[in-house]
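One chain, subunit A, appears in both complexes that follow, with subunit B as partner in the first and subunit C in the second.
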Partner chain A sequence: MKPTKTLLGALAASTMLAGAAAAQTELTMWYHGAGNEVESRVLNTIIEDFNAGQSDWTVSVESFPQQSYNDSVVAAALAGNLPCILDIDGPVMPNWAWAGYLQPLPISEEAIDGHLESTIGRWNGEIYSVGLWDAAVALYTRQSTLDELGLRTPTLEEPWSKDEFMAALEAAKASGEYDYALDLGTAWTGEWYPYAYSPFLQSFGGDIVDRSSYTTAEGALNSDAALEFGEWWQSLFEEGYAPGTSQDPADRDNGFNEGRYAFSWNGNWAAAATLEAGVDDVVFLPAPDLGNGPIIGAGSWQFGVSSECAHPEGAAAFVEHALQDEYLAAFSDGIGLIPATREAAQMTENYADGGKLAVFFDLSSEQSLVRPVTPGYVVAAKVFEKALADIANGADVADTLDAAVDEIDRDIEANQGYGH
Partner chain B sequence: MSSKLTRSNRAGWLFALPGFSLLFLFIIVPFFFAFYLSLTNQRLVSPNPTEFVGLENYSNLLSLAVVTLEPERDEAGEIVRDEDGEIAYPRVRSITRSDDYPQYRGMGEWFRWHWGDDAKVVIASDVLFMKALVNTLAFALFIVPLQGGGALLLALLINQKLRGINAFRTIYFLPVVISIVVISLLWRFIYSGNDGLLNNILEALTFGAFTPIDWLGRTDTALGSIIVMSAWQGMGFHMVIWLAGLQSIPGTLYEAAAIEGASKWQTFRYVTWPGLRNTAVLVLIVITMQSFAVFAQVDVMTNGGPLDATQTLVFQTVERGYGKQDISGGATISVILFLMVLSISAVQGYLTRERR
Partner chain C sequence: MATVTSDNRGLRLAARYLSLVLVSLIFLFPLVFMVVSSLKPDHQLLADTSSIRAFLPVGDISLDNYVNAFERAPIGRFMLNSVFVTVVTVTASIALCSLAAFSFVFLEWTGRNVLLSVIVATLIIPFETIAVPLLLFVSKLPWIGLEGLEIGWLNTYRVQIIPWMVDALTVFLFVQFFKDLPRELIEAARVEGASWMLIYRKIVMPLSGPVIATAAILKSLVMYNNQYLWPLIVVQDEAHRPVMVGLGYFFQLQIAWGEVMAYLTLISVPVIAFYLVLQRAFISSIASTGVKG
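Right, the complex of A and B next:
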């Protein structure tokens, strides 16, 4: 009989263990950062702390490579297999919320107090997603370049005007020391185009769509300001200031660091590589004011709750936990992103006052404008990208922008106004 | 025919079953599904219900019209000219956005020509589709002789009894087994406008007289560059098919030709080429069908640009279906592509049939 008793005892014990584990409800989570070891380590620390710190929920994460992440979510939504907590790219959020992939994130206002506005994803008057960080774009150059060309160093309070900016490009071109005056990063196709270049359009006074109604692009993408922007954009390539759309990706990565470009329009994520490459006197200049104020893009990856999640309060508890300054700082130190709060920024190596990248936090809080908050953005962004590539390659500006407006409007109509 | 396939052949069907069911599941079912989707307004991501829209997707893609633009005239009735003496015309949009011409609404200019003082403008409801169609046809037209001919040349070269010939066979076949994405990335470096390999070689050969060309960045060279690279990539595969054909030609025929005193060209013309007839038909049809599916090269190397010079039908299918979330639009293009490939293959099959 003894073996039986042991067996029973073991059974009972294991049942109890399982029972204890079941007291914590499991929340599944998907993340876009597969393949990045540092990022995974920071995220796993946050999850382990959360799971150990309370007894209601246990979060389990699955990571996907960024390139296929959105496709995976769309496929999962069609198949009804969404996880509970989703990681969402900021500008895509309204599209998913509209499609019913997401539900509002029941998070307290205190938890997001003092956060950069661009890290909070709002749609239809509700918060759907919150980010731990943001990204920002600046005009990279060297102090020595500014000195040699005799250029004023622009500041947040007093950025370059359009004339000053163009004079700077002309001076760099005339010096003959560079392959090109300005590296815009045209080699990076995809979301980079609307993220990095639509702020120029907005700085001229135009926009991708009309943000007052979100039901048309007419009068925004083909307004007089937009036409002016288009002519200016084309001139950057026609006058030989910037390499065209066939720019070699390797040149994009190394051209500025090797001194072949005088200025480079690039994100904070590239700063580490520039510093490592030994460009010690690199300075990060704010966006020029092209007439309607200096503007840069905003909105990065954020956390939200899927519509299939039965425990949104659990997901919200996890997000609130993750929003602590120490984690924001850890992510920032790990992968170089801009922490969402000023307090967290002070805890980091690079974004604290006097840090090498501190200027990016100010750029984010002073100059940033999120991309149009509409489900139609996903399509409008594609149309915008193609229009800009075509104009850069010499297409007629007015015709191209008008055609882009037509296409965006057709898409909005086909989607019955995207719920606006 | 039918009796032979059905009678006492249970084992044969059983062996074919796994293959057939996979083909059915992943080729035949999706095809009918695409046909169905092309008749709806299905979106990739949308809370709106799917509606049946009939042939609207097809008319949105295929509608064409010709409009005549009359020159702008000033108050005296004189034709307005710009600084270069070119005639000024009203914008096409004044017609396609006008309430006077509801039938042209939303269409755009594809190309134009001049007829006296007037300009005739061909407008299409989907200019991008039309450009992609023309590019795809051009791609197919050029790659068939280039790839097929190049492969035959390689096959003739390696169909010799030399030491180490297998090494050459392997080398020529290598591009086929490498991922097309990797090859496209490599060729992007080769074609690079600044210090790409191709420009460097041409500069060295001409002692610096050659000015570097941005191969993928110019509308007149981009498609050609992709054609050459694609022809090179697929050549090895067709080389093997040609080789199989060459080796099936009996050696006695060559011996007879040699005895008759035939020259090398005569041997090729009257012995080799007739012996390759069936192989040639196969290679022709296979390359044609493959060439209509060109996608990865465009996606990696040019993204359809510059100025739509490298847009292709499959690229547009993917761009619409996934990029712009318009699944029904993408499905419509693929149905049209299917019908095109089917009819072209049928015509090729008919023209190259054996005449007895």
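Right, the complex of A and C next:
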């Protein structure tokens, strides 16, 4: 009897387990991190914990190479083949929401209480996406460089003014110790340009588009402040402070670490490599105040729900699960990005108080400004990139910015104002 | 005088060989750089690019990049996918395109010249212009498989194979080659009562080795090396991805160039092996068809 009972018990248990498994509704998810082993490992842990921790949903993930991810999503949207949960680059979110690829994320405000505002994707008054991390840019230099050049160390409360910043570049150039005073990273093309350089424009008082209406770039990208920015931008290259658009990517990766650049405008994701390269006295300075306040870019990858998802409540449950501080900290420790909450930051090695990269959390919370929250941003960003490259290469500033404004406005008009 | 002439001839020969060696080195250098770089750590790889060391296996040499590349991406799966898609597509392409060309050249039917002109004219249409309509089309196509009727071809091998099985260039190559075959052979076979299919199988195709080799190599290069946009938009699952889409796995924020070179070296092996196997037929086909790859 005993073996029979055991057998029956096992059968009943396995039937119940199978029933529970069958009751779980599958939610498909796409992610941009294929090829990044650490990122995949953290994400898989989050998914496994979620799948095991409740009986309603089971998430399955498909990872894509980042460089082709957006194209794959757009193609899938055309073919009606989107997954339930999507990974979305922050500035692209409004475009996908406007195009109908996304639906609002039914997540509670409590779940995102205390999150960096730049990690929350809002469009048309609704939350469409939430990120587990953000990124920030700082002005890398060495303490020894500051000391040798006799420069004041700028702080969040008292960043360098434009005059102080230019004086620092001039001092570095005059020292003859460096190939260039400033590495802006012009070797990195694409989204780096609007992400890293539009804050300079905004710090002058201009912008890529007019954020009061989002229906034109007129008066923003070709304003007096923007023209002043353009002249300043061009002077950085013409006066030999920074390498031009033909910068070798290898120099971008290693130039500062090898001591060939005095300052480098770079993101927190590169900080680990700098520390590993033995730059022990590296300091991460806040953005200079070029007249309209110190500003850096914001907005990284976030999770959202596709319009084809039949179970947005399941997707929201997964996102809420993923937003736990322990996972934010795990991602941060794994890939070096800034955790979305201060509590999570305290759980990390680098962003806790006194951590080597702690300043980046403060930069993100104090200086960051998201890129224009409009569906037209994806086009405007490319126009902005080309305009800045042309100006760096000597094009007339006013003509170039006027042409960029015309191109952006034509796109906005062709898309009936993108719903603004 | 005879000695002087002989010396001059020797010098000329040496100069000719020297120039040939120099030209061949220009073509070999990228391959040598790729293989050598795949054995170096990134910092050394980047430092060596400004000197002759870039082409020499010197310094800190190891197979670490290969180990890391295999950890980063399922390279075996990607290569298997690409080889499978390439072999099936090339085989089908040769069969179907040669049949079409046979019909255009040897069979009498109304409108064949117009249709051939239309097909050849499609050569000027870039694939990018039809990619989206084709995507919409294949995403709605039915298929009867082991699990019954399915709608949509996305995330399959067939969506990477069937749209590429017939192309204008391959049809054109076969048409040009078939036009030069002796008509007497075909007419004699017809007089003897051979069917058109028999003539195709027993006479025309056995004589078409050079053009088959040419078509196979050109098509293989397209299918193996250039398949990026199409699989990118029709294949979302990793299990069906080809090697070119897999290359994206290595372009993270900090690009691991050594691993990129290791990956490129690995995926180049089937192409080089295929070319070496068919090179004799390919070279003879250049002479007979006047087509270069």
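FYI, the second predicted complex is superposed on the first by the 400 of 420 C-alpha atoms of A that agree within 3 Å, B and C clash if a C-alpha of one lies under 4 Å from a C-alpha of the other, contacts with A are read in each partner's own complex, and residues count from 1 in each chain.
One rule holds for everything that comes next: contacts are C-beta pairs under 8 Å (C-beta built on N, C-alpha and C of every residue); 3 or more make two chains touch, one makes a residue touch a chain.
Bear in mind that the values here come from a model prediction, so they are computed numbers and not experimental data.
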item	value
Overlay on subunit A: subunit C relative to subunit B, clash or fit	clash
Contacts of A:D411 with subunit B and subunit C, given as first, second, both or neither	first
Touched partner set for A:N95, first subunit B, second subunit C, both or neither	first
Partner chain(s) touched by A:A395 [first = subunit B, second = subunit C, both, neither]	first
Partner chain in contact with A:V378 - subunit B first, subunit C second, else both or neither	first
Subunit B versus subunit C as contact partner of A:S60, first or second or both or neither	neither
Between subunit B and subunit C, more extensive residue contact with subunit A	B
First, second, both or neither for A:D71, with subunit B first and subunit C second	both
First, second, both or neither for A:S246, with subunit B first and subunit C second	first
Subunit B versus subunit C as contact partner of A:T155, first or second or both or neither	neither
Subunit C-contacting residues of subunit A that also contact subunit B	71, 249-250
For the subunit A and subunit B complex, residues of the former touching the latter	71, 74, 77, 95-96, 98-101, 179, 189, 244-246, 248-251, 378-379, 382-383, 386, 389-390, 393-395, 398-399, 402-403, 406, 410-411, 414-416, 419
Subunit B residues within the subunit A interface of the complex	41, 43-48, 91-93, 106, 108-109, 127, 188-189, 192-194, 196, 214, 216-217, 219, 302-308, 319, 322-326
Touch list for subunit A against partner subunit C, complex	30, 34-37, 62-68, 71-72, 75-76, 78-81, 249-250, 253-254, 269-270, 273
Interfacial residue positions of subunit C with respect to subunit A in the complex	43, 46, 49, 71-73, 132, 135-136, 139, 152, 154, 232-234, 236-238, 245-255
